[in-house]
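So that you can tell them apart, the chains are marked A, B, C and D in the order they are listed, and the count of residues begins at 1 in each.
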Amino acid sequence: MKTSFESDYNNGAHPEVICHLLETNGKQSQSYGFDEWSEQARNKIRTAIKCPEADIFFLVGGTQANATVIDGMLQTYEGVLAVQTGHINVHESGAVEASGHKVITLPSHAGKMDASELEAWLEAFHADPTLEHMVIPGMVYITFPTELGTVYTAKEIDEILSVCRRYELKLFIDGARLGYGLASAECDFDLAWLAQHCDVFYIGGTKVGALCGEAVVFPRGNAPRHFMNIVKRHGALLAKSRLAGVQFDALFTDNLYLRIAKHAIDMAMKMRTIFAEAGIPLRDSSTNQQFVELTNTQMEHIMHDVLFETWEPLGADRTLCRFVTSWATTDRDLRDLKEALETL
Amino acid sequence: MKTSFESDYNNGAHPEVICHLLETNGKQSQSYGFDEWSEQARNKIRTAIKCPEADIFFLVGGTQANATVIDGMLQTYEGVLAVQTGHINVHESGAVEASGHKVITLPSHAGKMDASELEAWLEAFHADPTLEHMVIPGMVYITFPTELGTVYTAKEIDEILSVCRRYELKLFIDGARLGYGLASAECDFDLAWLAQHCDVFYIGGTKVGALCGEAVVFPRGNAPRHFMNIVKRHGALLAKSRLAGVQFDALFTDNLYLRIAKHAIDMAMKMRTIFAEAGIPLRDSSTNQQFVELTNTQMEHIMHDVLFETWEPLGADRTLCRFVTSWATTDRDLRDLKEALETL
Amino acid sequence: MKTSFESDYNNGAHPEVICHLLETNGKQSQSYGFDEWSEQARNKIRTAIKCPEADIFFLVGGTQANATVIDGMLQTYEGVLAVQTGHINVHESGAVEASGHKVITLPSHAGKMDASELEAWLEAFHADPTLEHMVIPGMVYITFPTELGTVYTAKEIDEILSVCRRYELKLFIDGARLGYGLASAECDFDLAWLAQHCDVFYIGGTKVGALCGEAVVFPRGNAPRHFMNIVKRHGALLAKSRLAGVQFDALFTDNLYLRIAKHAIDMAMKMRTIFAEAGIPLRDSSTNQQFVELTNTQMEHIMHDVLFETWEPLGADRTLCRFVTSWATTDRDLRDLKEALETL
Amino acid sequence: MKTSFESDYNNGAHPEVICHLLETNGKQSQSYGFDEWSEQARNKIRTAIKCPEADIFFLVGGTQANATVIDGMLQTYEGVLAVQTGHINVHESGAVEASGHKVITLPSHAGKMDASELEAWLEAFHADPTLEHMVIPGMVYITFPTELGTVYTAKEIDEILSVCRRYELKLFIDGARLGYGLASAECDFDLAWLAQHCDVFYIGGTKVGALCGEAVVFPRGNAPRHFMNIVKRHGALLAKSRLAGVQFDALFTDNLYLRIAKHAIDMAMKMRTIFAEAGIPLRDSSTNQQFVELTNTQMEHIMHDVLFETWEPLGADRTLCRFVTSWATTDRDLRDLKEALETL
């Protein structure tokens, strides 16, 4: 079987996660979020983010989390601002629009939103005399790290938050790959800081060592009223909530969540060296997703040996390709990649 | 810890299911439904239902399956007919309406829909000159077994199907507890027959031994066009689809799904005897959910020893209570119940 | 051409309304609700209801007004309580569900909701431990007069309002035929009283002398934030808002609205006498809609001479039929009816 | 009162329209689209577009028509392609998203969509391996004339239609100002040709001489099944449908629709001359909306004498402004404008 760098959801759960599922399996528990592991995991997360008042809900997947949070926090007539490349705008089959909310797009700068562009847009919006005929912006959605593997600095997030406060918008941070962002060498803040600098975010489990599960966090106990009903209405309430609870209990024991992320980042940085040594142009990314520019000949050649994703054509002859690491990536996998590149 | 008969989702997964998750965990696979176990499980199900052409999708939970299937098969302006006690009408926080579809209700007969009442309703509807101002019925939704533990006979389903065919309605069978219905002594058909007598149904995993997962089946390859996009749009597409695939692979190996159901039914029938011997009035139910009428004094007394759900008040002094068995129910659990009743 | 009692929307506008449209036609004005006649009409209505702070919006039709108001005042996950026969539950093609809101039904008593049944339902709802799996009720919707021509007394509305206040529900009164209710001999309150006893209501124009138009009133300036955007989002904002403004300006000049209603009621009461004298059983109704029980032979016979609506079959041989009066009904029309009945 | 060029909906109805409303007012008729004038108007339109099989529905306004048609013709999971400046994307408060449909945007070329850009986008979409995670395009929406007053040539529309056919997309032409496009000197086709080159379009009444009303046309009898229910569900069904029917009956009598448009275009062309002579830079537009670039000093100066709309800032010192003509614009109005410009 070929070595795969296709994604961070091609492997099973991290051993400590799957073992915890096994060892708790025989025990009876409450359901729908009231099981003991969910409660335990919520407390561990509250400690990790230093928000004892936080409301925390475990949902199954990222699209579901985005749709449920956005629908839960917006008024019916409000839209959500995101960059053009934002996951909700591109790869969720219209799940946000399915609840009636427009995704209003701003330019993407290597996946990131620019606070001053956001502010200029809002200023123009509020000066527009036809405002009553438009979608009212109610939220800013950003991803950390972005779909392109880049990370915001604390200053950049702070500036976006300031604009949000000024215009009374909620700030929502999609953390489907949150661990990898926090473990990045470029990241100048920690989880507790992040929790202080948004209205809601989620800690992605699916792509960081779990089988499924995203922990949606309202840091200041600011979950919308009846949020459980909203979750249920979105089909996002697990009957056997232990499935998510047990996994997050494991992920927040002995710092596993960040250990997983750190390992994947280490592997990704070694991967960058391998590509660089092979003379392959690399996009900037300090996280576990690496984007390289391959000629189509190179691409087809490497495909014989290792698996990866093509991202987008760069003209007729070149293609941007994505290589991803995870908890399961080994030095041996990297050796396979190195060997594949050496035969180019 | 008290013995619990609260529900069939208070325990972990059946040992064969959790073991399969463990033993496959180390293997890499494709995602979003293209992993090998999902493919294998689909084939095993196709064999079990004798529908080689069936389209099968694994979703996470019941409300999600109901909302996605109903939204996927109806036109925007169509509604779904269900009995008053139907799960979609009562306990899904409006997930069906969230997609814009009205739940049109008919009387419930111990949880079941009556084919002749359905027909009379449809006849009156089509004779109504104000039809253009009404919600067009597009689907009939029934549960098997019902929320009250009862089962339809083959004849009853066949009659409902005939009405559906006559009026061009889809027939959707919610099988959140499907196994328990099929294993009931009153059930006069099998899984393959069921697949021939509806347009879509699902095989519930969550309540029949899995940690999560419902297998939505379009028996004649009749999934709506772009159903994957519809699933994604509902936030119901698992990235690590192996989670559902592996579990259904186990459930459809060596007949595990029916073995689990059979065990729970055996326990439920023993439970009936215990209640009957204690002189407690029982509602008819041949499945794993048993409904008994307790005086409030009895109810509080029993609660000291075993856990169960109160279902609905019966006047001021009596309460309908629900006791549920599952793969995990043991003879010892029943002994605890028997002892609790003996002290009344 | 046959004399028609089919509905109160079969005629054009009342002469004073159509004349006002003509006389203002040449004048230029602002649009989207900012024209001078809309402003003038709003002020006249504020005076009539004695609510100087009222927010008033002119929408085009009843279904649109219901859908827009309900969507505007409810949270996404909330439903609206109505009686089984309520217009939103029967004859709006699912316009309320189209915005994602469930219509939760209570029994209809000749079209009316019973305050104690409402209270009992709410009490049971709040005692239900599965509340997080249900649709949260957010509003009570009643019609005045009802679809069956009946009227609530002040005491009945007051009791419903008390229950709403106790359970924090909004009270919405659909006044598509409001004038006829107020002009009824059984009505023991006036428009100003009504405005004090609900959260929002509308003054129906279409069925009371206008060509189109419903005045949605939030009596205490309590329109939802950004309600104009909500109206626009529902496609309910007239570009040439003068169309509605001019008509309501006429309707609230020299008491025209009530004069129209009074005339229709007078005609309806004379009609009752005619039916009674002919020995035809009549349902109770003090407004402009009269429901009579005809044998099918009588029904077909009368149809040769005058037009009316069949409402619903009463067994195999009899039919409930509806006869409606309006501003345009004349004594001569009643004579035609009388003559038709005399030949039975 | 100042002369106004603010919009084509600031005046009442064209005299022939308002007179027809008056002269038909006394007559009784059916409702909900079955009145005699609606039927007559439908027939006149069928003749004008040379489509005897056309399905025609009269709705009240443009946003409503757009939302209803798009929702009626798309599958739930489909989106609609429009240029960035398209009315549905900018000025309808999210009415399209309210039904769950994403507006997917392409670049705007003076308000127009480019067929080759459309094709390139569709080609890339269908080559995208993540297609199952995206919104499926189901329709192309264009406006004729555009929001910027420009018109497509027959060749341009034909090319867009070809792409639509190749990719199985519906083509919808928003004709809120259709008359002005057809009367433009640059327009090289007529109404009958247009009807042959799309799947659905509407003939705007509100902005072309009526008080309200848009005639939605499915040229080949291709209205979606149960379209009346869809219209009702969108709150877009007039009870007194005569209101729209009578007006369209007038608009399609003696060629009034095009006479109105022709007059407005003549006035607009004279207006262009006046601006040109005053040295004011004009954008290309052969229809009744004229866009001129004014310095902010000029803008404020002219505002003292005539009314118009500011469209968008052009840097810090200049503003794009819109001047609109209609059936009601007179030579005297133009003289007022000319005088205002002369005093600059």
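One rule holds for everything that comes next: contacts are C-beta pairs under 8 Å (C-beta built on N, C-alpha and C of every residue); 3 or more make two chains touch, one makes a residue touch a chain.
Remember, it's a predicted structure, so these values are computed and weren't measured experimentally.
Common neighbours of chain A and chain B, by the contact definition above: C, D.
A centroid comparison over C-alpha atoms places D as the chain most distant from chain B.
Look at where the CA atoms of chain B average out and do the same for chain C: the two points lie 42 Å apart. Averaged C-alpha coordinates give centres for chain C and chain D that are 33 Å from one another. A straight line joining the Cα centres of chain B and chain D is 50 Å long.
Of all residues in chain B, those touching 2 or more other chains are 77, 92-94, 98-100, 132-135, 229-230, 232-233, 237, listed in ascending order.
Partner chain B is touched in their complex by these residues of chain A: 1, 4, 7, 9-13, 15, 18, 21-22, 24-31, 60-68, 92-95, 98-99, 206-207, 211-212, 229-230, 232-240, 242-243, 328.
Considering their complex, residues 32, 71-72, 75-77, 99-100, 132-136, 225-226, 228-230, 232-233, 237 of chain D touch chain B. Chain D makes touch with chain A in their complex at residues 77, 79, 90-94, 97-103, 105, 129-130, 132-135, 310.
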